[in-house]
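Two complexes are shown next, each including chain A; its partner changes from chain B in the first to chain C in the second.
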Partner chain A sequence: MTRLRGVLGLLGCLVLALVVAVVAPDPAQDLRRRWTDGEVGAWAASPDRVARVGAVSVVRSADPGYGQPFTTGQALVVTEIDVQVLHRRTQLSRVYLSTRDGQQYDPRSEFVAAGPSLTQPGFTRHSTLVFEVPLRRLDGAELVVDADGASVDGYADAIRVDLGLRDPVRVGPETVTPAESTVTTT
Partner chain B sequence: MRARRLALRWAPILAVVVLLALVAAAGGFGRASGVGPRRFEIGEPVELRRWVVAVESVELVDTTSYDSPSPPTLRVGLQVTWTGTATEDLLSTGLVSVVVPGGPAASAEVAEMRAGQYSGGYDPDVARPAQLELVWPAGADENAPHVPAPASVQVVLSDERPAQNFLFADQWAAGSPLGHVEVPLADRRTR
Partner chain C sequence: MLTATAAAAALIVAGLTGWYPYANLTPGRPAATLQPGASAEVEGVRYRLDRFVVATSLPAEDPKDPPVVGPAGSALVLVVVNQTVLDRSVRLDEHLCDMTLVDDDGANEWWVDSDYTTLAARPAGYGCADSDEAPLRYGVGQDTGFSFAVPADAVGHLSARLQVSHGPTLALRP
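For the complex of A and B:
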């Protein structure tokens, strides 16, 4: 009787694990977030970091500092951002532009020297991000400074900043040259 | 009694005749239209499940983009649009292969190279060039004997199929060929 109860218990656990595996959202796809909202020019604070988008420009050409300028028939959104890292070091590897219809654009890696990278606590990282985005998707776009990964409780702290882009978005004729990323003590 | 036995004997034959008549009426004995791999034009956007791919050119080279010697290589120029919802780092493997009619096979390994100003990922709904390279003949090195180049090659496009598993929800695998593009081969070898 005791043995039967044990086998049944084990089977119950297996069924429960299977149900959880099938029903639970994939954490790699559906990371749950605690959002902190911000706007251009203002600091937005989450428990681990504080971020501020300093300047936003939309152009068709940017110079990566080597070879020919990067040009597009779409739009290049050039965003300057400062991130104060508070408690633990961060890669700042998940900073992206999110459009109103839910599309996510990573910063162009051709401008990696200007982009965010590993930053230790107590330091502020100044970076410039260049996103290539269809012009029609810029209205209401936000910059998201996401957590590097999920936290223990399954929630991740993330900052989103409304970039202030509204239709019709003006595209500047100039070629922007993003400066290299720098780090200073906070 | 005799009439019933006779009817039973002819019943199967009658059933077959009726069946054949039905098949004929439904067009089952008509000449089938040709079914085979589709053929696409040069530069024609081909819509796959997650990508839109247009084959633009193929050249045969034996130097790298930095002009150092390389094995004979087929360099395929594409125009590609990613239709997913977030930036994708690399072009899916298995979408493009090359067949050299009458010649030795090209390598099955396809390397993705820098294309124009692009060295990074594919942004949603942003058309951009892409460049793939395949060693031809497969296994050749810088000292391989010269092989005559054909006038044209076939760039074969394949689609993907979902291959979700318990570990990854968004997993895809290469599917079967969808069709091909006949592309003139520009022989730019220096040796």
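For the complex of A and C:
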């Protein structure tokens, strides 16, 4: 009887482990995030980076500095951001705009020279991102500075900044020209 | 009894599963610590720290170009290691390595710079591996260089780690 209970216990452990392995989300696909919230003009600090959105404008045209200006019938959200990097280098490759309904928009690749890139600790990256977003989705949009990957505890530290866009969002008539990304000592 | 054994086994497996990737993230204990001019033979390779230069600028590779500088308030670091593969069981094409800089308390870590020091005068070898520009030969010493940009306030608190792929870690001090 005792032996039977032991075998059943062992089987129970194995079944439990199997269920956890099948049901648990793949951390590589579905990162659990620890959020730090910020607002335009204020520094928001996570353990390995500090970010500040300096300026936000909404236009229909932006000049990448080569060829014709990029224009859209929707909206271009032009966001200037400073990121102080702490402790370890970061690619800053996961910066995107997130809307209230959960849509994510990556920065337009035409403006990659102005965008964030690999930055070493002790330095601050100043960059400009240009997002093309449907006008009706701008209300409540946030900029997300996501981690390159999860921390040792399985969580990814991410910063989200409310861009202060509320309906009706004014779309400027001007063409903006994002400056090339720069690095300064923090 | 069997249940307790299974629970213990599950805990051990779970612990090892968590520990293994973490241990791989943590650099190993250095097999040797070198200062400029010193050498050590580790796993069939003799490493000699040739130079550990910390400066506000580095000479450009082309003498006609101005010295190479980083952002205002930064310093540049060039670490040159001379390596001689002595043991012929060491495969030259698999002798790979990389270097990072760390500060005294290990809180900050810098990887090799690819923005500011690419035009600096450096040895032809940028890593330990064999290459067309810097062929590695048994018994022949070869310089390999690594350059970094760091905030100036880190100067005086820096050391380097040379990590040989699937091999030892060497600590290098200015």
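One rule holds for everything that comes next: the second predicted complex is superposed on the first by the 165 of 186 C-alpha atoms of A that agree within 3 Å, B and C clash if a C-alpha of one lies under 4 Å from a C-alpha of the other, contacts with A are read in each partner's own complex, and residues count from 1 in each chain.
Keep this in mind: a contact is a pair of C-beta atoms (placed from the backbone, for glycine too) under 8 Å apart; a residue touches a chain by one contact, two chains touch by 3 or more.
Everything numeric here is computed off the predicted structure, so don't read it as measured data.
Residue contacts after overlaying the shared chain place A:R89 against chain C, while chain B stays out of touching range. By the document's definition of touching, of the two partners only chain C reaches A:G6; chain B does not.
In the superposed model, A:T185 makes contact with chain C only, not with chain B.
When the shared chain is aligned, chain B comes close enough to touch A:P134, but chain C does not.
When the shared chain is aligned, no partner comes close enough to touch A:R170: not chain B, not chain C.
With the contact threshold set out at the top, not one residue of chain A is in contact with chain B in one structure and with chain C in the other.
Residues of chain C that touch chain A in their complex: 1-3, 6-7, 10, 22, 25, 71-74, 107-111, 113-115, 148-154.
On chain A, the positions that touch chain C within their shared complex are 2-3, 5-7, 9-10, 13, 17, 86-89, 118, 120-123, 152, 183-186. Chain contact summary for the complex, chain B toward chain A: residues 85-87, 117-121, 123-126, 166, 168-170. The part of chain A that touches chain B in the complex is made up of residues 21, 26, 28-29, 67-68, 70-72, 74, 96, 102-106, 108-110, 131-134, 137.
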